[in-house]
Structure formats: C-alpha cells, structure tokens
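Two complexes follow with chain A in common, the first pairing it with chain B and the second with chain C.
For the complex of A and B:
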C-alpha cells in the first residue's frame, strides 16, 4: 500500500521536475527550429524562400564565404595562441600553492564575466590611450581596426576559457603520477612532458575546441577593437549584425543556423573528450 | 643506509614530530600505525614530495633533505600503485630506464628479467585498466625495481590485496628484499602483516615514532599502553611495582629486579589460560605462586578459526583470552559460564606509562 503511494508520489515528482526541464528544453529547440524553418519557408507572395534567395545573390554569398574564411582563420590562430599560453599557466595554477593564487584565479576569470562589448571598449582604451598599448600599436603591430585586432579581441576573452578548461584537465590528473615519475628519475619538466601532459591530453583538446567555439562566436570586443568593416573585419558574428542592419535578414539567419551547428559540434566533441571547467 | 634525524613537518592536519629513524642496508622495515598517524606523509617526505620543516634525511651519508625526488634513488609504490594508464605494462616497467635514455636492448632485458621474476610476462602488453589489483601491484613493483633503487618504499601494499593471497604477496615482498637485496620501508596498519614481513618495526602514533624494535621485541615488550593495545595485548591492569613485587588490582606477584614504578601490567590474550570453574567457588589468591587465579563469567565467545576469543568479566574488570579450540578444558564453553582464568606472571610486560593508550581522535586516512 504505502509502497504504491510512495511510487505514486515519486512519479508525480518526476512529472513535475520533468515539466520544468522540458519547458526550457522545448524553448531552446523551438527557437532553433524557428530559424531553420524560416530559411526554408516560401517567400512572401509565393516568391523564393530566403535560402533560395540567398543562393541567387552572388554578392551576399561571397560576403558570407569571406566571413566564414575570416572567422575560421582568426579563431584558429586565436585558439592556438590561447592554448600555448594556457597549458603552462593552467599547470602552474593546478600544481603550485602560492600566495595570491585566489587573486590570480579571479583576475583570470574577469574577461569571461565582464560584458564582452565593454571588454572591447576597455581594449580600445588600452591600445589608444595607454602608453604600453600605444607603443605596441605604433612600433610592433597595429591592432585597432585591423584584422590583428580580431585575434587580439578574441584572445583576450578566449584565453581565460582555455586556462579554465586546461586547469580542470590538470586537476583531474593525480599529482602522485608525476611524483612516481620523479622518483623513477624524471626531472620536473620531463615528468610534465611524459606524464601530466599525456594524461591531460583529452582535456586540453577539449579546452582547445571550446576556446575555438567561443572565439568563433565573439562579437562585442571585435566590434569595438577591430571595427565592423565589411570585407575586412566582418567575422561571422559581425557579419550577421551588419546584414541585419542592412536588411539582409536571410544572410543573418544563415549565419545563425551555421553557428548553432558549430556550437553543437563543439559541445559534442568537448563532452566526448570528457572536458570540464567551462564557464560562459 | 637511510638516517632520519629529528624530522618534523606539518601538512594540513598531519603532523610529524621529531622522527628519528635508521634503516640498515638490506633491511625490511615496517612503519606501523593507525590511520591518520602520518605514515604516508612520512613516506612521502622520504621520497621528496614534502620538504620537512626541520630535521635531516641522509642516504648513505649524503644529506638529501632538500634534494628533489629524482636525485634520491628512492623508488616508491603508492597505495593505489599509480600505474601510468596511458602506457602498457611493459612501458610502465621501462619508464625509469627509458627516461634515462638507456639503450633499448638494456631496457628490454631488464623489463623481461623483472617480468619473469615477478611472473607478469603474460601481462606486458596490457594496459593498467585491464589488470587486477594484484597484477597492478606486481607491475608497480617491477616499475620501481627496474631502476635499481637504493631504497624501496611501499605504501600499504596489502591494502588492495585479497586476504587469501596476502601470505603469497608477503612472500613475494620478502623475496624482493632477500633475493633482490633491496632495502624496504613498508607502511601498514596491521600488526599481523608487519609480523610476517618485518625485520624491524617502527610504531607511529600521532606523528611520533613511539617504539622501534624487532617484531618479537614489540610483541613481548611494548613500551606504552598504546603499543600494547595496538599489537593486540588486550589485558592491561593498572598497577605499581617496587622491591621485587608488583600489585595490580587484587593481584600480587613477583616483579623481578625492576625499578620501582607505576603504570600498566600487560598480559597478551594468548597467555591467559581459561579453565572451567566450579560454581561460585572463589579461588584462593596464592600471591607468590606462578600464576594469578581469578574467577569470572564468560561474556562472549567468538570463533576466530585458529583460536577462540573469550571475554571474561571478573572483579578486576574484563579479560580477553585467546585459546585453542582444541583445548579440552574449555570445550563447548558458552556465555554465562563460570570460569577460572590464570595469568602467568613470567609473561607479564611492565609498562611505565600514564596514558591508557586508547585512540581518542580517529582522523582521516592518509
């Protein structure tokens, strides 16, 4: 009797919890569906669908392709730089107890939490008004309103992601492994290369993928620092914005659908690799 | 071989205080202590994982207190073995030699030799994840021995071993020490295990080495109530002794030429004799005889296989006796029966210790 009542209660609880969960899930799925369907729906007055229209306009198509190429190249360069920085930084954060570690940890998370657009404004001030930034701008490489600026803007935010994800990967490797390696004769560098690095490899690759996805989606800081010059600094997200502003909704929605696909792919790879520690 | 002097360290809730420890070349030394005593921390200190706050560690005369682990030549088999999961058993064993860029032929020869010695040749191409606990342990031992360490440290090597193969593994460890002429420090919390393998035992309590000696010595002459209890000497009578005679509770018996003192008089359960008593008859207290007699009531009998553990309540408190199940005088003994217990004076250990040796603050495992 009471078992029946209990199982009745527990199934009601499941229904309630499931209701909440599916409400949100349904919301996401419907939003995605709305965009995909919109691209294929018949045009006003029986005209071509937005997708067909997009393919019929070589100028829009070419712009889209160049944005895709630019995004891919910039994000890949950014992710490579970020991971090169993240592996040693994250290893240090994961393995060494030092004073101020908590402060450093917080500072490193700042670029993730600060509103992206404002991060871009801050970067602009750094390169235009601050001596160090001005020196870089004038004597090393011009950043503001250039393609380099795209990478710098992406790097500023995405590196924080890399460090987070790679630190989680190193945290998942028992330091005793390195200890055993060292008792067998490895110096600290060799133990890092032969033990910690291979054991954290999946997590590092996952971090790379997530960093790349984040760089692909970056918008605010790029707008501010690199500008939104069509054909020059219009990465996919900027291009979507420009196309919305100029009335080419179909191009924007195509980018939306493409980005959703990329994001889903990145998440699947990330989770397959057992990645941890991301924070949008 | 290894000489530790006044080593102290605080690590979170683990504390080591003034550890003095010498282990001789080729010796099998067991560090024994309850969970949380700091055994693993001490071991990790010897490997070089923690830098001590004070004290020195010398290896063959050279001060290695602040030397990094790779310069110590101390191999280490952690409790969970820590086999590199991304390498095959073969590559695990070869790890140290490969890191030293030894010629491939030498690495293969040494790996094969150890694999045969420890009987793991069929496992060489397997990955650690597919190995059983005992197999992992052999691979971890082979990996540690491959670099011909000066000293081998084993952290709870029998913790994950099936009780039925415990003796076999103990034999294996002794073989490594004897045939491989390896100096071994082995950490455990089980006195029986220590007795099986140790040449000498050091007992650690709350970060202090409270007694070091041969297994016999620790078994027969515990120096504190704690050691007595930890090694299973369950019968501790508070007492005092002077002028060749001792008093403990209602007992009086000879104390040899012992200096006057007070503390505990200890009888091991296996030294306590039990006989069926006559109902209600109080045995005469023949003070200066060979054995003290007391009557009591059996409160528990548990069959431990090789022996029966019997608890007897007497006027002096609870006594524990371990007797052979073949002992005909107590055949079929059950709870509630009246018995007579005999404590042989010549087996008593005298401990000058105010502390009662009970564990008060069990702490997290190391």
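For the complex of A and C:
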C-alpha cells in the first residue's frame, strides 16, 4: 500500500519535474521553430520567401560560407589553446595550496563577468595603449583589426570557462589515487598523466565544449578588437550583425538558425567523442 | 543633324577585348618611346617663359583651377592655358609651330598630331582613363538607369551627343550606342553638340540627356548612368609635349605637377581611373565606416580599387563605437560616420586631417507594408495608441537628429516619446523592427528605409534643407598614407562616387531632398 503511494508520489514528482524541463525545452524549440518557419514563409507583398531571397543572392551565400569556415576554424583554435592552458593551470589551482589562490581564482573569472563589448574595449586599450601590448603588436604578431584578433578576443573571454570546468574535474579526483600511483613507483608527472588526467577527462571535454560554444557566439570583443570587415574578420556572429546593419535581416536569421544547427551538431559530436557518459 | 554622322564603324576587332584601344598601338608607340630617351631629362636651365598648355575646351574647367593654383604657388613659372574647340585646336597645332604641352582626351588628337609629326616622341604621360556617362538635369525625375538601352525608351526624346569630328568623345559615344545595340533606335533623337556644350544643354533641359565624359560633370547635372567599359573605350587623358618644345625647367615643373598627387586627386574627383604604372604604391587603407552606410561603402571601395589599385579595408559598426576604436587604437585612415555629430567630436579631438560632405540622409517615416495604421505625416505619429520606434538619442545619428527635426517642424519631442515603445541602437535595427512588425512606425533615414521596401513602406514628408543630415567623410590624422586616403575622399565626391551613393538610395543634392528608392 505504502509502496503504491510512494510510486504514485514519485510519478507525480516526475511529472512536475518533467513539466519544468519541458517548459524550458518547449520554449527553446518554439523559438527555433519560429525562426525556421519565418525563413520559409512567403515574403510580404507576395515576394520571395526570405530563404529563396537568400539563395538568389550569390554574394550573401558566398559570404555565409566564408563566415562559417572562419567561425569553425577560429573557435576550434581558440578552444585548443584554451585547453592547453587550462589543464596545467586548473591542476595547479586544484592541487596546490598557496597564498593568493583566492585572488587568482577571482581574476580568472573576471573576463566572464565583464560585459563582452567592454572586454573588447579593454583589449584594444591593452594592445594599442599599453607598452606590453604595443610590443606584441609591433614585434610579435599584429592583433588589432586582424584575424589573429578574433582568436585573441575569443581566448581572452572564453578561456576562463575551460579553467573553471577542468578545475572542477580535478577537484573531484581524489588526490589519494595519485598518491597510490606514486607509492607504486610512478613519478609525479606519470601519476598525473595516468591517473588524474583520465579521471578528469569528462571535465576537460566539458571545458572544451563550453569554450568552443562561447567562442562561436562571441561578438562584442571580436568587433572591437578585430573589426567587422566583410570577408576578413566576419565570423558568423559578426556577419549576422553586418547583415542586420545593411537590411538583410533574412541573412541574419539564416545565420541564427545555422549557428543553432552547427552548435547543436558540434556539441553532440564533442560530447560523444570525448565524454562517454558525461551527461547521460 | 544626326544624319551627318556615319551610321557604323568597324567594330569586330574591338569587340574582342575591351582592353585593346582602337588606337592603342599608336598610343603605345608614343608612350613606349619614353623608354628610349626622355626629353624631360635634358634640362638646360633657361629664363622662365610662360609654358603653354593646350587643351580642348571641354577639359578647361578641370585644369583651370589647379593650374592657376600652380602659378600662384610658383610665380616664376607662369602657365598659360590655351583652350579651343577640339577640331580647331587640332588644325592650329598641326599647321603651326606652337610649342608647349598638350592635354588630350582620347586618341583622336594624339593620332592626327602624331601623323603630322607635331608631337615630341616619347613624351606622353598617361594621366587617367575617363569613362563616359549619361547626364540628366540634377532635378530631373529620371531615375538612375541600369542600362544604356534605356536611352532608346520613351523617356528620352532628345539626346545630346558630341560630333564625331569634334574628337574622341563623339567617337566613343557612338561606339557605346552601337555596342548597346540601340544606335538605330536612338539615332533620330540625337542632337549633335560641341563637347563643351553637352553638359550645359542637359542642365538647361534642351536635351533630356547628354552622353559626355565624366570629367565634364557639374553640379547642375547628375550622372544617371556610368557607361560600362565593355561598351566603349574609356577616354585616355594624356599629356604630351609638342615637337620642339624646349625641355626647360618651366616645362618640367608643369609636367611634374601633372604627375603630382594633386592632379591625381583632380582626375579621381572627375571620375577618372589612374593608369596602372602611375598608381601609388599598393598599401592598404583602413576605413571606419558607419554600419548604415555599408552598401554604398562596399561599392565605393570596389570601384576605388579599380580606379587606383589602392585596397581599402573597412570595418562597419555604429558611428560612436567607431569613434571609440579610433580614439583607442590611434590608427586607421578614413572615417565616415552617419552624422556630422560624430565627425565634430572627431574633429574636436584632433583626429581629422580634412573632411568633406559626401552624401546626405533625409528623414522619412517608415511604416508597415501597406501602411495599415494610415500614417501620412509627422503629426500622425502623435496619435494615441501608436507603437513607435526611434533611434537611441545619444548613440545613433537618427536618434540625435529626431529632436532637431521635430523642433524644426514645431512639434514636441516629449509628446512623441509617449508613443515610443522602443529606442534602437542602430538605424538598421529600427528598420528590422518595422519590417518584423515590432513597431508600427519609425522615424528613419531615407537610404536605410529603402533597404526594407520589400517588407515596409515609406512615408516621405516635405523636408527643407535645414532638416537633412550631411554625411561627412574624413581623412584621419593617423593615416600612414594620407595622399591615398585623400584620393579616396576625392573619389567619393566624383561622379562615380555620387552615382554609387544614389544607387543605394542616398540623396546627394541637399537643395532638392527627395526620397528616391534605390534602383
């Protein structure tokens, strides 16, 4: 009797929880659907549908392809760099106790908190008005208004996500496993590579995915630091803005839909590839 | 009149490639000899005698001011302009023993004078290639043409054209009409005029349109079409020494001047394209451009590249944001904000080397397709219940401009705000909002509104010149190549630049603001 009641309660709970989940899920899906349908509906005044209009403009289409390529390449480079940086940094933050750790932790979070456009302004000031940035700009690699600027802007803003996620993963790995490995003869590096790293794999994948997703969607800092130059620094988000700015709202919405599709596809692939059982 | 003009001329060879000038070989010969031995080099100093510069009358307006400036700056080198109708000048120079410099437009004069042995071999300097255009009165209701074939249509009863005998303009104009396949249709309408009268006749309305060289353009006319190169050979403007002209310092000073960036800018402003060897070194200009001007700017950049070989790299965003980028980065060459307001700030900070107004924005009301809320003027916007959009007052040009507009019309901005449901950070965002039905109406720039005509309508209202907004283009102090940046500015002011702005729905004539949807 009581078991029946329990199971009744639990199914009610499930329904309630599911309700919340599906409310949000439905919201997202409907918004996407609205955009997709808008692209396909007949144009105002009997004109072509936005989608047909888009495909009748080879210039817009060509721009779209180059933007997709640029976005994918830049975000992937950024995420790889971010992970290379994040694994050792996060491990250090997680394992070593040292003075000022809390301060460091806070500083790392700053780029996430600063409004994106202002992060761009801050970067521009660094590279053009500060001696260190000027030196880099003049003697190592030009950043301002270049494609390099895209990666730098993405890296600055999105790397924190990698460090966060990877640190959380290392925090969850009990240091005693590494101790055991070392007591069995592994050096510290070998213990890290054979024990901590594999155990933190899901977190590393999550960090990569979050950085990649954030980098894909980044706009403000890229526009400020790399400029919004068609055919050169117009990643998808910038391209959507540029199209919006010249009246091609169709192209912008197409980019929105496309980005959702691309992002969804990429997230699934990344999660499947590296994160067995990470979310499910 | 037109009957006196031969009906056709051999073309088959010329059709093969637009780069082959009919007299290209001969010109190449004249230019090529320059390599053998340049008469400019042997330069015995002599007492300054006035250097005579001969040109057909239609070129005089172009060179008068710069050559006068040259004389003013260097009083010891006097220059005397001798301008005659083309055929008379040819006869005079062919027969006489006059010395000096000849500036010729097209090959006709060069070829006949070369045959008469009157040109100093190897002395030619190719100044620019100037395309032909179809000019109409600036106030004419005629929209810009997409094709020369339009001249055959009913809108044009009388078309001015230069006589073939008068020089290259006549010959090239005819060629263009032939290649467009409308020679027979247009022939009865042709009014043959001396080249220097083509523009005046169009401005007076004696003819509905004139085919003339772009360098002849004046404020009273507008280039409704720039005839594409495939239809004719652009007129090559050439400076050449007459035989026996002493290669003295005076002559050299003038020819050096003709090659200077100053003359280059004059030629660019006249719609000319610089010949490849004389192009400035291939640098790259960085151009901060207001996002609302993107379409026109894209075209401007492409055409400027063709005319000069100079690459321009734009970045497009809100005018205020661009100003921030300029302030911080202290780099770049050109700035074109959507309103004077931003240019004034840039000038105030000392960023601007020089600037000029290149086009104008005119305010209009943007409404939903079919005007469902029946808005016919500014006063209708105050009706209760209307959902209005305006530009953000501090960060957009249209937003900053709206209160000024209402004040000029003696309407209250505060009263309008009661109906405002959204203010937008850029003019195009506001356009999208009307198109997507988020607001019922918005006060918008004409050129921006014209992008949305597929999904929105425009209600134009009478505007006086005080309520239109100039769009300035400035050369930045930070420019590493100010001469090239300046060339871009001059190019934006040329008939080619003006035609581009018009094509994208901008008004270029402040005295007659009219909403003209982009063609």
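Definition applied: the second predicted complex is superposed on the first by the 231 of 280 C-alpha atoms of A that agree within 3 Å, B and C clash if a C-alpha of one lies under 4 Å from a C-alpha of the other, contacts with A are read in each partner's own complex, and residues count from 1 in each chain.
We adopt the following convention: a residue touches a chain if its C-beta (ideal position, glycine included) is under 8 Å from a C-beta of that chain, and two chains touch if they have at least 3 such contacts.
Model, not experiment: these values are computed from the prediction.
With the C-alpha superposition on chain A as described, chain C and chain B fit side by side in the combined arrangement. Contacts of A:245 after superposition on the shared chain: chain C is touched, whereas chain B is not.
Using the contact criterion defined above for the overlaid structures, shared-chain residue A:194 touches chain B, although it does not reach chain C.
Chain A is touched at more residues by one of its partners, and among chain B and chain C that partner is C. Contact with chain B, but none with chain C, is seen for A:181 once the two complexes are overlaid on the shared chain. Applying the stated contact rule after C-alpha superposition, one finds that A:125 touches chain C and leaves chain B untouched.
Of the two partner chains, chain C is the only one that A:228 touches; chain B does not reach it.
Following the chain A superposition, chain B and chain C show a smallest Cα-Cα distance of 51 angstrom.
Remark: chain A residues 174, 176-177, 179-188, 190, 194-195, 198-199 touch chain B in the complex. Residues 286, 291-292, 294-295, 298, 313-317, 321, 324-325, 328-331, 369-370, 426, 428-429, 431-432, 435-436, 448, 451-452, 454-455 of chain C are the ones touching chain A in the complex.
Within the complex, the chain B residues that touch chain A are 44, 47-49, 68-70, 72, 74-76, 78, 80, 82, 84-86, 95-96, 99-100, 143-144, 146-147.
Those residues of chain A that touch chain C in the shared complex are 43-45, 47, 53, 121, 124-125, 128-129, 144-145, 223-224, 227-230, 232-233, 241-242, 244-249.
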